[in-house]
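Next up: the structures, one after another.
The following pair of complexes shares a single chain, subunit A, combined with subunit B in the former and subunit C in the latter.
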Partner chain A sequence: MDPARIIGKMTPAARFWIRFAARRAARALIVIFIVAAASFFLLRAAPGGPFSGDRALPPSILRIVEERYRLNDPIYLQFFHYLQNLLRGDLGPSFRNADFTVQDLIAIGLPKTAAIGACALLFAIGIGLPLGVAAAARRSGAIDRIAGGIAVAGLAVPNFVLGPFLVMFFSLILHWFEPGGLEAPADLVLPAVALGMGPLAVILRLARAGMLDVLSLDYIQFARAKGLRERTILFRHALPGAISPVLTYLGPACAAILAGSLVVESIFSIPGIGGYVVRGAANRDYPLVMGVVLLGTAFLVIMNTIVDALYAAIDPRIRRS
Partner chain B sequence: MSAILTIEHLNIEYETGASSVKVVRDVSLQIEEGSITGVVGESGSGKSSLFRAAIGLLPPSARVEAKQLQFNGVDLIQQLRRNPRAIRGRRIGMVFQDATASLNPYLRIGTQLAESAAEHLNISKTAARERALDALAEVAVPDPPGVLRRFPHELSGGQRQRVAIAIALIANPELLVADEPTTALDPILQLQIIQLLKSLRARRGLSIVLISHDLGLVAACADRVAVLYAGRVVEEADARAIFTNPRHPYTRALLTSIAPLRGERPRRLCAIDGHPPSPASVDAGCAFAPRCSNATDECSLQIPVVESSGGRRHACLHPIGDRP
Partner chain C sequence: MSADANRKGPRFVEHRAARAWILCIMILTAASFAAPIFTNAESAQNLALGATPPSWAHLLGTDALGRDLAIRMLDGARISLLIGAGATLLSVLIGVPYGAAAGYFGGRADGLLMAAVDILYGLPSILFVLLLLAWFGREPGQSMLFLFIGLGAISWLTTARIVRARCLAIRELDFVTSARLSGVSHARIILKHLIPQTSGAVIAYATLTMPRVMMEEAFLSFLGLGVAPPRASWGTLLNDGMQSFREYPWLVLAPGIALAVTLAAFYNIGDALRDAFDPRERPR
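This part shows the complex of A and B:
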């Protein structure tokens, strides 16, 4: 059957979601291409090269190595070549970790970074959102005051201060957790808290403010006049309208967690992706840095798409347009 | 006929920081069963506050004090403190001025109707849906099954107000308080909503309070009318008496300021001179005295006592029709 006929037969909601997916996929490709180009050329514009470290290679060997990695080709040709491989899912060999491709290194580090990041995000949402809602529901009550304190502390204390503090208090003094490494699930707790505390504070404040805004609206008054339970009013009627500032923040929250994981992984000596970026950048390991940057970009693009999809799922007025 | 809602000596004040403003002063009012009672008055005269008090929907800053607040033999003040949901939506329904803002934009109409039915009537999901269909049919919304699936923004303004009325009535409350239900609508839709209220009264014996600052609309449907000025009932009488033979100068002033409803020959529109007093400034004397053509020096010294006779009452020292 011809595609136009199929689309014509779908419900408006299905049509919306198909158009949404198509538009987002196109946009994602463009973003990834731009980031790839920018980081490819910027990396090479920085002084020094992958094999110009303190222990200089003998010229004959350097020539062989440069040939192998095509470092003497014109730069646009190198970029074209990189894109070709990228389309096949090949991120190239790591310059400084011989015998490893970038995919190999990512496969080793990503699970750890992803585990910490996911736990941090769940922690930030799982505590920040309910606490913000509860604070707004009982304004100026005990919970509201505690939440206010948490929000201020979470915003004021950066993760490179909070991390060592957590290690000192919970590992060295209380011996509840290991001070570093990632051997058991419990080892995720401290890094996730250190990483998620900042986003938690922001989510808490946004949820509280959003909830207070919505609770003063006419449709909440009307829900009260209907004689609904306070719980129903809070969760069914107020929450969907209050949550959009929190959703808006989830994209930036993911970026903050991604950036913060560089620091937190080194505090807790976790061999995640963060270490590769730092070492790779210092070593001019172009493919490794490129690979990690593109991975981060893809992650943020996907998270932003999910956030926008959630918007549309919650608010019927967005689906209409 | 007996009274469904009895208000005696009701006072409401809002605490605003250090001071407080009295916005409803010593109001006594009876709403007769099966009647449509119009409550009219300028903006800020305390109409909404008065009836929000009856379902306990005032903000926490409001202080309510009354000698008596009875609904069908139930002490409302006590009941609202103990279990407000046994009153709200269940025995007294309320709709507000702006139905667009009253309906939750995130929820389907069907959800918003059925949740009230399920809450109050203790019935299953399917039964609540049936009830929702009936309720939509009762307020004459076309295509009830289709409307159930829609979101508020997919309806017209008039339909939204009908839906809001259906929601307010779904648990069969005995009294409907309609707080300026037509202000956001154009004149033709206003009349249609008024017709709907009249037919609901006729079919279900529903008692209705119609709050409005539009005397023309009230004239089109009310049996009795109470006129509020600066938080006080200044006149209350049968609708016909109010319109043909107003006793309080403020009522007369309101009447001469109505725009003609329909078919009538346009009259000269005359606004009432001056501004309504701010609630904080009224203390001694008749609040209307500064704007009143009948006022004498006494008027600004003492609060006029309520005179009642022949089923009507007014609070004025120099009512219209009394020649000194």
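This part shows the complex of A and C:
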């Protein structure tokens, strides 16, 4: 059977999802290629090389080392070679951490970074969304005022200010949590709060504004007139219509959390990926920086795709257009 | 459209809180620029004094090198504000013509220009931070200039989107058609007729860009990539304070609180301006 006839027999929804997947995969590949090319060439254009550090190597050894990492090939050949390895899932050896490949280093750091990031995102959604809904349900009430305060504070207090403040108050004065490290699950609390507070504020604002828009619509009035319980109206009827701005924001939220983990890991002395990157960039450890940048990009592209898929799944109008 | 435009002035002036915040920013700016005139001697190091908690002689205390923190904070405010204003200006200079061109020409040109913006949105700005790290990880000289350029270059995307949306609507209006018919060039129409119409939204959004840029600057300085010593921005002061914040907590508290209050001021002013200029624009 030829493919055209199979597609012809499918339902419109199935056709939409196949086109969606194809278009998104193509776009993801383009984005990752652009990022790989841009960071590859920009990193190599930066002054200084990986082995021109404080302790200069003897010229003969330098030549061997550069030969080994193919640093003397023309730059486009180096790039081609990198892409070839990338397609096989090989991110190359780390220049500055001898005996470690980039995959090894990522495997060591990623679980910690991912744990903090996931907790931060859960914290932001778990508190921000219900609080936004509650604030909209009783406009100008006590909860709305508190939510307004949190929304402003969350935007105005950056994570690298909140982090030290949390340590000062909860570790050094109250002694509730350890001031740093990642030994017990409880150690996740402070970093996750520091990292999640900004996204929480945005989610709260978006959820509140979306709910206020929807709650004034006729079908909510109708639901009220039918005598439905307020909680059913809020969560069953209003929330699905109000949630799409929050969904859209989840992509940027992940980007913010990713960037924030750079500083939060250093504040709480957590040996995640962030530390490797900061040191790797200063040391011209090209493969390490590239590997982490590509990992981050791939993660963001996947998150954005999931968000758009959710969007289309919730709102049938998007599938039709 | 025009009904909104007519309501601009009075609604913002009525906004009491915003007026108070503007006063705060003006005082901070004036103090930070006036500080060097009065306080040259006191910002010097005084190793014998060392770190002292806040007192009447040193209102915010001193750091480990015996420098008066209040004076360093004012110096830092000057640099933070300068970088914030410079980068915001740059983001407007890139974003407004870009968005106006996309909105005015529409069609395929619009599709292409906005696709580029979409892709840049999808890229993590952390990539940019990492590249900055790689470039200046070792020698943080000329960093002020690069902070302007770098931060401006990543902050223009939303401005471009807002301006484009406005221009798409404006270009259908009669006065644009009449300008076209009387033979005015595309460039002149964009510069003289479209861009002035978008100024309200642009000013409102620029006020919201400013705190974002200042935060990014502090973020970079916190990672040790910002302005080079002996200059200091609030981010640098925070980073310095972090090294010893268990012993000398005031070194973190003061710049942290100052940064948070200033950012809150800009966000509040920007929100009020946006409400005044366009009630429909919502924060993303």
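Just so it is clear, the second predicted complex is superposed on the first by the 317 of 321 C-alpha atoms of A that agree within 3 Å, B and C clash if a C-alpha of one lies under 4 Å from a C-alpha of the other, contacts with A are read in each partner's own complex, and residues count from 1 in each chain.
The criterion applied here is as follows: a residue touches a chain if its C-beta (ideal position, glycine included) is under 8 Å from a C-beta of that chain, and two chains touch if they have at least 3 such contacts.
Bear in mind the structure is a predicted one, so any value in this text is a computation, not a measurement.
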{"item": "Subunit A as common anchor, with subunit B and subunit C clashing or fitting", "value": "fit"}
{"item": "Which of subunit B and subunit C A:111 touches, first, second, both or neither", "value": "neither"}
{"item": "Which superposed partner A:31 touches (first subunit B, second subunit C, both, neither)", "value": "second"}
{"item": "Touching partner for A:241 - first (subunit B), second (subunit C), both, neither", "value": "first"}
{"item": "Which partner, subunit B or subunit C, touches more subunit A residues", "value": "C"}
{"item": "First, second, both or neither for A:181, with subunit B first and subunit C second", "value": "neither"}
{"item": "Which of subunit B and subunit C A:282 touches, first, second, both or neither", "value": "second"}
{"item": "Contacts of A:172 with subunit B and subunit C, given as first, second, both or neither", "value": "second"}
{"item": "Superposed model, angle subtended at subunit A by subunit C and subunit B (C-alpha, nearest 10 degrees)", "value": "80"}
{"item": "Minimal inter-chain CA distance - subunit C and subunit B, angstrom", "value": "16"}
{"item": "Subunit B/subunit C common contact set on subunit A", "value": "none"}
{"item": "Touch list for subunit B against partner subunit A, complex", "value": "55, 57, 84-90, 93-96, 98, 101-107, 115-116, 119-120, 151, 153-154, 164, 167-168, 171"}
{"item": "Sites on subunit C touched by subunit A in the complex", "value": "119, 122-127, 129-131, 133-135, 137-139, 211, 215, 218-219, 222-223, 235, 238, 241-242, 245-246, 249, 252-253, 256, 259-261, 263-264, 267-268, 282-284"}
{"item": "Complex interface listing, subunit A residues touching subunit B", "value": "217-219, 221-229, 232, 236-237, 240-241, 314-317, 320"}
{"item": "For the subunit A and subunit C complex, residues of the former touching the latter", "value": "30-31, 34-35, 38-39, 42-43, 46-48, 152-153, 155-158, 160-161, 164-165, 167-168, 172, 179, 202, 205-206, 209, 245, 248-249, 251-252, 255, 258-259, 262-263, 266-267, 277-278, 281-284, 289, 292-293, 296-297, 300-301, 304"}
